[in-house]
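Each of the next two complexes has subunit A plus one more chain, namely subunit B in the first and subunit C in the second.
The block that comes next holds the complex of A and B.
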């Protein structure tokens, strides 16, 4: 019997995995092609940096350009570069960054990852919890003043661009009131150490960027949850339960469990893409995250760095996706039993 | 359920706290001992010079040249070197200071110099890259004397001096083991461990992470007895992610010494009453960094006619552009391509001819749309029904594009203004703002109509350096091939001959005549149109440090912190409350200092056998 239940489940997971791997390759191929389709010179930033410091010397720039073209294999035909990229990838080698030469792309990204996760994971979770709670309450009290307040303010807040909110927070709390710092992950001049004062300093710098992300994200979650709750409240099983005379709180518990499923998907995807950082938030708060590195790599057309970031980022999103699929299969018997045999 | 989520949340917080402070070091840089720079460092790479662009500070503070060139006084400051001797017209010997030593105590010798030059040639990147085009040999005469011989087939005094004297020297005993492993090992050397860094300058790396790169002073620096020590114990460089964040920090006094574009800088002291200074109190506020031009490529046949170019030159709203788009941060350029902000270069401008040719009292172009229209009318460009002219052979004059990189707001506005004026004289010109790398590709490949770009700046080889970058047919490449220089693809062998003769002469009179000749050709053909002098960004906030050079106290060039001339600035400033003391050695030899005028070196070479 156990065998019977497990087989479709494994088949389902196997198929998901196969498609994930396939789409993953398509995705990284696109990531390989796209930056190269831009008719720009990836060495432009480096060359002009050399040209502007001290005297510009045409021979020297030609020499550097020639050396670097060979170094990065940019003079090779595209297919050779692609084969190179894939074979290196299998060896776990993401290549050398152009802009941060001779650092390995992975070494460039690594120091930024903890900062970004530190900013985005708590912010995403908190926004998710608050947003869902608000939305559920509002949906449950449909038509009352609570619903009105939550719905209207959520609509407004969810439409605010999060970077604008960030700028607003900087303007009010850092520039005008001077309560919070305007930039950075910790105070200028402090050198990171594992001490209470450093941790407090980091938290102090953390508040504004954290708030800007949380506030902007709450609205979206709340609106979504509210709608789901309303739908579920109209469902047959709810009406049946109410008619049976169940307590409101018990009915709500059933409803809440049902609406959680799609919201968990959303959360997982959000956490998966957290590695990409909050690009503009990181820029305006001068926060050392992967969003900033992504921005740098794109604006300097650093092929290898762009590739490395996206290879990791897509992997994280796909992993999150897969975990969701996995959880779904466990939580939802319809998927576990039904789809295995079907299409 | 909620309890679980909270638990997970706390767990995540805890874990990230454990990961984030990955390194454990001393806690802070004292503010009154640290100078913070702005706009110098946007990313950290390596602290080795065998890199296309090492981290800011490596060249400025860690590795020293034999002589350091100073723009404003047109002289050479002997740092590692002590004196020079012209053996003959092509041979220069430099005596290295007996005190000169590496930070690990190893004496700095002629072997290090010879090794550095050889390694650069071997690696293909590194200090003095390209020296072999001008220098035939670098040889150690004895342990403290090095000899440079110029190539007989490429006589170019400015480049010879530049390469021989200004090249940063690296320690042979550190690099030799890498060299033995191969070129790649040299290139991969990050030199990022402060404990292992071996330098010749008064600073070395103190701490670096994604937020900051800090340099710390070497208190027993070998040059202490000659130069003293630089005053700040630390140089802090916040890695800003964005210009506006950086500018706000400067305003708040968190950065002391800047080299960035700050819009409307005078408001900081006029309205906000901040202790902020630039070189001049009034317009143009900054010294020039170089000549910026409107390049008109020969790519599009419709733009090859000198008459069209001349009409465009008259249509450009020079002064208005500077006032409205550039906050007055520069002066209108002289059409001769010589930077006339510096008194020393006036001798190279044929002023009488400029006045005669352009019909103005100062010899500079004056915006005159009527005249521009007249020129085009006379040349046979008739206006069509849409107001756009048609060339004599019947082709519509446009659409053309004028381009600068996206995000360069001041230059973007200038382009809009130029496009509008060109439209007013019947040329269909639109602006286009592509990504930097795309713009660069078009510029260096010559595949554009109009591009606003830079050229070269003041220096021991000015104005030769500008003529060469803008006009030299030796740099000519077909459209679509990369070339830094001759962007518009002007191909005039006569100009090439003059440029080569200029490089090879030591006779000031001959030099002057040759420059005059060039200017006649430039006015006739207008390969590119000089617009204005781009500012050498230099702004200081004296909330914590005082004594930075200004026009009122011009003891040193107002060097951006990122410039090669930055280091001496740090010897003459003081923490607020103390009196800054200008080091005597920044003065020319004639005034009791160490600075050797370029002319002294050139005349020594011309007098030698």
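The block that comes next holds the complex of A and C.
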């Protein structure tokens, strides 16, 4: 029985993994092609612009230029550049940062990634849970004041960009009321360590950026779930169950299970824009996450760093996608038990 | 027929609220710069002045008139939103309709492309593309956002057309000898028209919000004032921490008013036109 159930499960995961790896390759290829395809060849421009970046050390300049020429390999034919690019990525070599020369791009980015994960993952999951719960309750109590309050406020709140809500929260709670710190992930002057005081300090700084993502993200989930619940409550199986005399709460349990699946898929599809919003929120809060280093690299035109950030961020999103697929496969009995087609 | 179709809309309180807010904001953008003909880029006067008689929304660090910037910003942001919507709707309709009608290999290839574009995080890709362009006009920003945001719409159109072609009334039309063209005009297009219109509205939202995101990260249009670039400068000049509320609050309020009024309009339309959602 178990063995029988495992096969379709693995087959489903394998299919998803194949699709994600393929899409990731396409994404990397786009990252490779873009600078080379855009008229005016930005890469050649960067190489010449390095001379004006303001380093007074001619020897270092020529070193930077040599490293870059080697890494971009512009003199080689395009396919050789591509093969080079991919092989180096597989070795975890994302090139050398121009701005932080001679640091490797990966080493520059690495310390910023945990902060982004620390902010984005809990905020997104909690918003998803609260939003789905609110939406489900509203859909179930359709037409009541609860439904009206949830729907109408969600319609407005869901359109607030994370970062603008962040600005408002800073202005009200940090600038005017002075209850929360107005920027950063921890107080200046404190050395990061695993001490209680540091952890408390981090949590204290965490509240505002966390809230701006959670609050702004709740609305969208609530609207979606409410619609799904309303549709499910109209479905034949629900009407049948109600006519059998099942209790409302029991019926609702079945409905809730059914709406969970599309909302799990929704979570996977939403990750990209959630990340985009979180990156800018970090910027508003001067939060030392990937958004901050991305902004730095964009303003210094450090393309090696920019490329590396995108290769890593997109990889992170696809990994998260795969985890969501995995959870989906476990939640959906059609995949778990190998009945029906699944997706 | 038209009045019978649209009268119920105007009985829906959500629709009335949404359309009123939307029209007010649009008028601000279209008529505002004419009624308040100040140059948004001019150095108007004393920097960082709170709202007063002379400058109803105050000034920024460079002495720019923020009301003039806001009114022109609404205009440009709407312009970007509409272009994004036109581009995404066209691509989405073409892909969706071709997939559904042709089926087979064409369908599979088009859907594979759609799924790939759907999975690649579009805002990240937009940032990457914009970072390689030295000059970015409003149209270029709209183009970047437009070519990345159509997939969900294409999929929905395809799914709707597929389920339509199994309906009895379509089958009857075929039996009656309708050609492909007449079938499309009389049976298929009316069925997807409302959905397409609602999606068009949501695409405008996506365009406005996308522009704001790009601008905040420093990759918005290089020429012209948009709602996003006002917020960008407010951020760069630390307007929030220095308490210059008149700089960053109005553009955000306008963005939220504009996008949520559009969302409210589509929700109301859904409630009125979708029999499943109609109040019983």
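Criterion: the second predicted complex is superposed on the first by the 240 of 343 C-alpha atoms of A that agree within 3 Å, B and C clash if a C-alpha of one lies under 4 Å from a C-alpha of the other, contacts with A are read in each partner's own complex, and residues count from 1 in each chain.
We take it that a contact is a pair of C-beta atoms (placed from the backbone, for glycine too) under 8 Å apart; a residue touches a chain by one contact, two chains touch by 3 or more.
From a predicted model like this one, the values you see are computed outputs, not experimental measurements.
Novice: On the A-aligned overlay, A:250 touches which partner chain: subunit B = first, subunit C = second, or both, or neither?
Specialist: After superposing on A, A:250 lies clear of both subunit B and subunit C.
Novice: For A:87, decide between first (touching subunit B), second (touching subunit C), both and neither.
Specialist: Neither partner.
Novice: For A:183 in the superposed arrangement: first (subunit B), second (subunit C), both or neither?
Specialist: After superposition on chain A, A:183 lies in contact with both partners, subunit B and subunit C.
Novice: When the two structures are overlaid on chain A, which partner does A:272 contact: first (subunit B), second (subunit C), both, or neither?
Specialist: Only subunit C; A:272 stays clear of subunit B.
Novice: Counting only touches as set out at the top, which of subunit B and subunit C does A:144 meet: first, second, both, neither?
Specialist: In the superposition, A:144 touches no partner, neither subunit B nor subunit C.
Novice: Looking at the overlay, does A:29 come into contact with subunit B only (first), subunit C only (second), both, or neither?
Specialist: A:29 contacts neither subunit B nor subunit C.
Novice: Touch test for A:299: subunit B only (first), subunit C only (second), both, or neither?
Specialist: both
Novice: Could you look at A:121 and tell me whether it touches subunit B, subunit C, both or neither (first, second, both, neither)?
Specialist: A:121: touches subunit B, not subunit C.
Novice: Using the superposition on chain A described above, determine whether A:129 touches subunit B (first), subunit C (second), both, or neither.
Specialist: Once the two structures are laid over each other on A, A:129 reaches subunit B alone.
Novice: Please determine whether it is subunit B or subunit C that touches the greater number of subunit A residues.
Specialist: B
Novice: Across the two complexes, what residues of subunit A are contacted by subunit B and by subunit C?
Specialist: 38, 40, 42, 45, 175, 182-183, 283-284, 295, 299
Novice: If you look only at subunit A, which of its residues touch subunit B in the complex?
Specialist: Interface residues on the subunit A side: 38-42, 44-68, 71, 99-103, 111-112, 114-115, 117-118, 121-122, 125-126, 129, 175, 182-195, 197-199, 202, 282-288, 292, 295-296, 299-301.
Novice: For the complex, which residues does subunit B have touching subunit A?
Specialist: 2, 5, 8-9, 12-13, 16-17, 19-31, 34, 36, 43-46, 51-53, 59, 123-125, 129-130, 133, 159, 162, 166, 187-188, 190, 207, 209-212, 214, 236, 238-242, 244-245, 248-249, 252, 254, 434-441, 444, 454-457, 459, 461, 465, 468-469, 472, 475, 482-485, 562-564
Novice: Considering only the defined contacts, which subunit C positions touch subunit A in the complex?
Specialist: 14, 115-116, 118-125, 127-129, 131-134, 152, 205, 209, 212-213, 216-219, 231, 234-235, 240-241, 243, 245, 248-249, 252, 255-256, 259-260, 263-264, 267, 276-277, 279
Novice: In their complex, what parts of subunit A are in touch with subunit C?
Specialist: 19-20, 22-23, 26-27, 30-31, 34-35, 38, 40, 42, 45, 143, 151-152, 155-156, 158-161, 163-164, 167-168, 170-171, 174-176, 182-183, 223, 227, 230-231, 234, 269, 271-273, 275-277, 279-280, 283-284, 291, 294-295, 298-299, 303, 306, 310, 313-314, 317-318, 321
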